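Paired with subunit B in one complex and with subunit C in the other, subunit A is shared by the two complexes that follow.
And now, the complex of A and B:
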């Protein structure tokens, strides 16, 4: 166990140092992450305005709260491996990673956490700025706030392992841009990125709940807003656990095959 | 006219290059269809809760989407690939090859690379606009069409000048590929009429990254809600930015040292 702690702390320090070299790039990547929720927040605020201040079960303060929390949860849970893996396989950049006596996924987890750790310094001011600009109303009971922490952690793990397993498809199809585009669109609709799922058509809500998407983002958001009953929260945790298990199983099943297929195309 | 002949030559080279990979045409077609479908779905979700968005009817918003697709295509066919190549050339020092040619360098770098298949967007965009206009309640007069044409040209000029200025920064900072991501993030905001955004964001989208003039203003023209002020503003800004980007480019070019060549 202490071997892993050593590895993790060392790699974490390296990751932070590498990322701090290109500070401007970190902020540039954040612009999209901050802007997208603002765009859809404004769209839905405009809809609420024409409808007399209410749309579905959201008033203006509720919408603002939803999209601000969405921004935080999305930032906490997102990862870029579906894009990175295609690049690694195509260019042969995977070779040195495979030579190390450590599963590459560890490095990816650490990089992800390091990125979030650094960008928090930009994300937090952005959150406060948005709270000041859009005046959200929060009203969650204490237990929901407490349950939010494990829900967010599980959401991160589910998203990480499911997307990492999907990213492994790059070993078979090499050009992943089509797959990534489809996944990105699915996540806009099914994770609750463009609208709270309760504003979506019934069948979209159903698909979001059966697939892992709702449990990656929308579930912790709704939880922190106090919009879920205790029973729904328990169900949510069970679904998260189920998808985490499926994600890990998918990973275990494909990793060895994928690594064996690897031919370092561009190297 | 020289510009058009040059453009035609480069376009032919680009076409011949890409005709080697004909399957890409179908991939682009699929991508465009897929993008259009989800954009329309997003509009449909919004309008399942309201009958108008800040005064915009569904058909008008579809027309705006058509302009968005068309403008993405115009940028994607020649502006973006050429500018990406310029940034790369500056970093690698291969801009030397362009500068030694007996032709104005700004023209050469502006049409240096053509992605022919993105023309799919340039074709699909107007089709979407046309379908939307058929469903519009009001008649489109000659004046609307004329204003649309003028604002579309102005918007394209503004986008080109903006990209050129952005890429020219490479002469000082060398590694700026990521700056282009800022543009793409901001351009996403243009899927919706700029008028819905709060003042600070509207200002940023009008003057900082002028996507308002690229998409919203031409759309307002074709659905007949453009105010005189914006029409004149678009023309004035296009002229100013064309001159401004030209001066900035000349300034940047002086910095070029062909570092790694």
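And now, the complex of A and C:
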């Protein structure tokens, strides 16, 4: 364990140092993470306005609360390495990573956490600003707030491992941008990013629950908003554990096969 | 130099499936439906062994299969057939203990992080390779001395010149004191002084740590300075494995005699193959065993002002090797 402590702390410090040099990249992702929920919130608030201040079981305060919490959860769970994987395989950028006695996934996890750590300094003020602007209503019981922390952590792990495993398709498919786009579009609907899942048609809710999407984002959001019963929360944790298991299994199965297909091009 | 075998290749093969695409729009559309492939045999049944502590030169023209072989030896590529063992490990299993004992330096690829000081990149490697702080500091000091890194360690890599960067890359690759060094064109792009320094360093490192080195290079000076033994590869196949001097003897059974004559336009084709004639300066190619005899004849028969007998350069020898194989 001490080996990983040393690796994680050292690489974390260095990742932070590197990322502070690449401020433009930080900002690009951040803009998406902050703007997207704001845009959808404004749209849904406008819809609510035309319907007497209510959309489904969300009033305006509820909608504001949903999208602000969504922004936080999305930021905490998001990862970008799926988009990098194709590049790494095509250009041989994987080679130095494969030569070192450390599974590349560790570096990506550390980079991810370093990113969240740095961008928190922008996210937090953004959250406070949005709370001030849109007047959300929060009414969750204390147990839900407490349960939110492990739910968020599990959501991050599920999303990271599932997406990293999917990203390994880059070893088989040269151009993964099409697949990545499909995944991004599916995420917007099925993770509850465009709208709360309860406002979506039944089949979308079903798909989101059967696939890992709901457990990656929507579940912790609904939990913190106090919209779930204790039984639903327990079910949710079980689904998260299941998908985490599937994600890790998928990773274990695909990684060796993927590495075997690597053709180390580009010198 | 011990007798243990550090590296063993046994009928090692690597075949790539490369997609073929004709130029043009119609072909591009066709390729969506029907992908055509071509098999490229990059490495064909190569076998040789390297003993612990040996420095072996790996020669061959571009596209010969050297880099592919190195990548299989370092675990980056999966062999198609045959066996490869490095320190008893199968490289492509990428055992952690295996990776901690090897290094692959590719001359044109960076492992150092561009925007942060070199010492930060070193620190990263320290953590990844599980090096104790004391041992690590001693290694860095040693490498700083040998490679004259001086104040480079505090500079971001982007601020270094190519030569300085290469020195730091080599140092970074050796922080974990690997027993096996795979060096792919390590002196490419470096000036003459830097090349010499790197060569001296590698020789010193090999002596100090009994490291086994497999080195590819287009610079014959690298090979001549460091390698007692060379392995020549062309079209994926092993052409020669042995002493560098023997390579020269086997593939270049000629010597060159350059003559400065008092007269111009003399025909010397009776003495040997006339390589060039430049006014009164003639260059002849003669069989090695007959050099003394022919030299004597030339001096006796002709008005010679000056005469020099030259060994062919290693480059010429290698060209001969490849030319013979192609023929």
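Keep in mind that, in the parts below, the second predicted complex is superposed on the first by the 262 of 267 C-alpha atoms of A that agree within 3 Å, B and C clash if a C-alpha of one lies under 4 Å from a C-alpha of the other, contacts with A are read in each partner's own complex, and residues count from 1 in each chain.
Please note the rule applied: a residue touches a chain if its C-beta (ideal position, glycine included) is under 8 Å from a C-beta of that chain, and two chains touch if they have at least 3 such contacts.
The structure presented is a predicted model; accordingly, all values stated were derived computationally and were not measured.
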Partner with the higher number of touched subunit A residues, subunit C or subunit B: B
Subunit B versus subunit C as contact partner of A:181, first or second or both or neither: first
Contacts of A:50 with subunit B and subunit C, given as first, second, both or neither: first
Which of subunit B and subunit C A:21 touches, first, second, both or neither: second
Touched partner set for A:262, first subunit B, second subunit C, both or neither: second
Touching partner for A:98 - first (subunit B), second (subunit C), both, neither: second
Set intersection of subunit A contacts, subunit C complex versus subunit B complex: none
Subunit C - residues contacting subunit A, complex: 16, 67, 71, 74-78, 92, 94, 96-97, 99-100, 102-104, 106, 108-109, 111, 113, 115-116, 120, 123-130, 184
Residues of subunit A defined as touching subunit C within the complex: 3, 6-7, 10-11, 14, 17-18, 21-22, 92, 95-96, 98-102, 259-264, 267
Residue numbers on subunit B that touch subunit A, as the complex places them: 27, 30-31, 34-35, 38, 41-42, 45-46, 48-54, 178-179, 181-182, 184-186, 188-189, 191-192, 196-198, 201
Parts of subunit A lying in touch with subunit B, wherever the complex brings them together: 24-25, 28-29, 31-32, 35-36, 38-39, 42-44, 46-47, 49-51, 55-56, 133, 178, 181-182, 185, 188-189, 194-195, 199-201
